[in-house]
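I've put the structures underneath this note.
The two complexes that follow have subunit A in common; it is paired with subunit B in the first and with subunit C in the second.
Moving on, here comes the complex of A and B:
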């Protein structure tokens, strides 16, 4: 029987990942070359995407980490752990360079998006909350051994492999087409790993800058970022009364625990519904329906169940156990979402004193589109 | 000026605290998982004793044709002339004519050994993992045919599509040191 293909490639992937991250960091922070970053995207798309067929990727590795943390029998493959950690470490050093030119999912969208349209701020902020929910659910489902939903709903892996269920091909194609105008739709409104990168990047030591030297507040870069990630300078803007924003801050700080508790309660009640993602639970519901109402259970799962000879009581006991586990675990997802909402409100009240145009460290993908709009040049020592 | 310094230092403090808060889990994670990492990882495999040959493996695998193939546990085979895995139910004559074969792709090769025994081998390139022969052999014979995921073909997806679709939960991760679950060895993991 033929054995698994050599694992050397997996270690090769890690080496390429580190090399690509180093090169992207240099291109984004030192060389400041948008063209270099585009070529980096082409390389990553070709290597991680089409050659390695998009597996394993950092985005999906979140689930392997969650599964191994909460499951006794699963130990995480070394390469998956490295794929999870290395981009986060780089995010702490130099911002989201992983998104800029290493992630194959980001690369395919970066290369197809070229007519950026800005969405209204309200729409943008609502959609930007989706990745948090996606991340919370993905970790919950992975930790409870249900499914890897990030992999299941990966829109581009089918394109990388040139083979996928047609629904996923349609989803991926729609994302790419809308991505022509709303750049990087997956990264902005879905990517769960982006949430982690966003948080880590806010505390990065260094980060891409719009200007190579000193910002002259010329405002030329103000509207060029397709991701709305350029923070304008506050010069000349009248800010809110300190007293007023202090009041707001205290109110929002008090709201954080309220949101957390509310999230926990909502998700506790959602637990049984979420448990429906497990095949055993769906099967048990179908079988119970058959017993109670006489509707014959005809799904493939039910047919296999009847053939396998497991008793109904065993099945119902298992269902109960799974629902109980979901009830215990899902409130934590609610707490995470509540805290995220609370802290994002607090962030609104922070008074800023910016004297130059800077990229928003959480939102900036370090794509380098803003470089060419900055008229400031570094004087070369003659 | 003094006012501004105070303001700045408070901001620095929040920043530093935030940095510590995000670095801490990043350091804690490998420590927590130190004993739970392995170098070789896992592969997906079918437990032939749970498999009910529903046919989902053929259609749901991301590979076309499916990475699931039929394997033959020769020690269990009865080498029957009237083979439930090779011949359609209720055939009039027992021969290798296409209309008599159960396998839709003609992937099973029947060879005469000695009267009245015949040997059946699988041509893996033709097999698409539909499991019809497996069901036939299970119902009318010794059950020596069984489905396994060919690890040379498997993409080893992080979320195996056929594992999710499998109605009898027969597909699970097995350590990559043991890549097959051969039926003749009572389902013990095997290198």
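Moving on, here comes the complex of A and C:
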């Protein structure tokens, strides 16, 4: 954990964040400079990554917000709230410019990924569900004052601080190595904040475009996005009957509440198991095992518990209270996942008409890799 | 940036060299990390062997020295390996940055070969395929979730039979202080009260007052001479110190009326320097808090003057301990154990703990401490029936026998300017300082750190602990509550102003005075609950005293008695 910083420096971080977002927006939307975005990534990696040691970051701030919403005794630091909100506000204005060159986690992957390989669609579909699950669990655990899992399992923070448990260093190194070929693996298959940016960016007022002027439908950019975030033009010539599409749309709309209820039931059942993330629950299991089997509990927590002089009844009562809290809260994580699935299916069923190749507003990281593949040029008046 | 063929060729060569260098450094580091993982400096067989011999013969000074030497050697070897890994990290990083930059420059100048795709894919067909994949993966994930929910529940208690017992499960920790520690409701004899633990006895202290409006202010007295020392109380008498130039004084004040009963000079002691010692301009000569018992009151000043008076202001004895030279000035407060006055003497020349016979002023013992000067004060703890004086030092947090002065244990864990004193409860000692760490230490032979954190680290204010909770207030304005046993942060609150005064627990509340003189009163609980914020009307860095339902706070100029009656 980096040392506490004075308030003025925390506000300086916010100023740097806003300035970096403004500059990235200009580079992506107006200047259309891929090189500029790369240098922006270098700066963000240096400042937010190595200088600020990855803390505070917008990705982890999700948990601060969740904790403050569900726990009145926790007062969220104002800067943490700003770090959570500002990238989302920019996503509503200009798309995921935060991912393009400001997020240090995205920057380190952007700089190391340069031989993109496309994953099979089936694998991509399975992995794309992980960030939603990760976000649901992160909010659940933070709200129940259990753990900040996003921070704890941040794969790159160990690299930023040059200090971390071995497992996390190995995890971070593996992600970076795999990222050479499967670009931005953390952003695509893990980042919980990316889920929120994805949703907000879909409603963005402006967004990066592949072509600087009118698209000629030359198809040169069709396969260049390593994130599969380019939507081809579609002049309404769908192979599927409109009636069939309509029926599917209604079916999925009806299924939304069903998915939500199913998710709630599954997570209610998972609640007690998820409570195992709490040290008190694990300790209670260890002590119960000692009572039942005679195997001496030797973990540090068990030794501390025995020395503290608390009774086993108190420990078990605390365990039951925690499990009960998880049982009450976990279904909401299931509802969120069920709704996410339902709305994703609806979005895939809605028929659209596009006359140009455009970036997928939710998935596009505004990295500008596609710029150089577009042959259209805007000639400046001499 | 446009590059020529030659430039790209040079970049490729640099990139190749950087890549090979990075791989070699990475492999070396992996090897070092594996080696480090295997090394546990405290589990070295040779060290363990000597420790066992020492345990069998604890009086053997030679063996003790051998243990220390071996321990130091093992730790040095361990930290040397760690430094190697840290240095390697920087090399690795540098190599990787050069490699990446070169590759980025090369790829930015690569010629784009037009990729003519095949037949245009049917968008709707692709969407349908995606829906199929999504449904298939959701089915798989759901299946895994259902199966694992049953598998992982196997070692949980039977929830159907037992209902959570609210009375025990919702037991609020914090209501108790430390087992066996029952502070007096009248006497508040040392800095931070009885045993210097920061816990006061008594009930019914006022929570609402306003110094400017004189609301609930029973009396207010301008202290004749300035000082940063805090008030201490014995019976109806309140003692406080002050100084102006080289003139040092002790004041005895009637705690009920606010009248000065007597003033005793603490200057003119043989050996005292004629000039004020060099110190931080904000400190002054009277920073150390006095100590009182039923017969005497003792005070120490930054010029080394140590004085012991009876309760009528007559001088029992006085000596000069030589001026403690240190950059901020001397600030260690006094404490009394039975008939011994304990002095933590911290100077650039030497650091020690001295025991003086309180009746005669004779020095009974002096134990030289290891490390560098600190600005903390001694605290008395009691662990397993054994009383100990505990000092937060640099780098050692150490425990001493209060009767003989013998060092009982020491843990090397602090660094920098150590000003906060330790907090103790019935099982653990909590040491902290800014830019270092907060460490919960299990005291005794083989003392070790049970948990540690570095998120909230006060620079001046001392922490306070009950058996369940630990509270601390930082120089940045944060107040944090930790689970005293496990080290979890239970709540934090940012109060916007600095804290120098130490928090005190009294009447199930934590009283936290900020530098502007606003007392923030929160419930001594695992949940944050602000009870009141009451302004003194002037700035203060002194720790308040609590006695018989009244609170005594020394401001920058005045001493206040706060009472609802």
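The rule is simple: the second predicted complex is superposed on the first by the 371 of 382 C-alpha atoms of A that agree within 3 Å, B and C clash if a C-alpha of one lies under 4 Å from a C-alpha of the other, contacts with A are read in each partner's own complex, and residues count from 1 in each chain.
The criterion applied here is as follows: contacts are C-beta pairs under 8 Å (C-beta built on N, C-alpha and C of every residue); 3 or more make two chains touch, one makes a residue touch a chain.
Since this is a predicted model, take the numbers as computed values, not measurements.
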Superposition on subunit A - do subunit B and subunit C clash or fit: clash
Touching partner for A:121 - first (subunit B), second (subunit C), both, neither: second
Most subunit A residues touched (candidates subunit B, subunit C): C
Contacts of A:308 with subunit B and subunit C, given as first, second, both or neither: both
Partner chain(s) touched by A:81 [first = subunit B, second = subunit C, both, neither]: first
Touching partner for A:34 - first (subunit B), second (subunit C), both, neither: second
Which superposed partner A:148 touches (first subunit B, second subunit C, both, neither): first
Touching partner for A:15 - first (subunit B), second (subunit C), both, neither: neither
Which of subunit B and subunit C A:199 touches, first, second, both or neither: first
Which superposed partner A:56 touches (first subunit B, second subunit C, both, neither): first
Superposition clash, subunit C against subunit B - the stretch among 433-441, 523-531 or 541-549 that is involved: 433-441
Common interface positions of subunit A, toward subunit B and toward subunit C: 1, 3-4, 7, 74-75, 77, 163, 279, 300-301, 304-305, 307-308
Residues on subunit C engaged by subunit A in the complex (per definition of touch): 1, 33, 37, 86, 89-90, 93, 100-101, 103-104, 107-108, 112, 114-117, 120-125, 127-131, 133-138, 140-142, 145-146, 148-150, 152-153, 155-157, 159, 162-165, 168-171, 179, 427, 435, 442, 450, 453-457, 467, 474, 476-478, 485-486, 488, 490-494, 527-529
Subunit A residues touching subunit C - in the complex, by the definition given at the top: 1, 3-4, 6-7, 34-35, 38, 42, 72-75, 77, 111-112, 114, 121-122, 124-126, 129, 133, 159, 162-163, 166, 169, 219-220, 222-224, 231-232, 234, 238-240, 245, 262, 266-267, 269-270, 272-273, 275-276, 279, 281, 284-285, 288-289, 300-301, 304-305, 307-309, 313-314, 316-321, 323-324, 341, 344-345, 348-349, 351, 372-373
In the complex with subunit B, residue positions of subunit A that touch it: 1-5, 7, 10, 53, 55-56, 60, 63-65, 68-69, 74-81, 85, 88-89, 92, 147-149, 151-152, 161, 163-165, 199-200, 202-203, 279-280, 299-305, 307-308, 353
Complex contact set, residues of subunit B against subunit A: 7, 15, 18-19, 22-23, 26, 29-30, 32-33, 35-43, 50, 52, 54, 56, 62-64, 71, 148, 150-159, 161, 164, 167-169, 173, 176, 179-180, 182
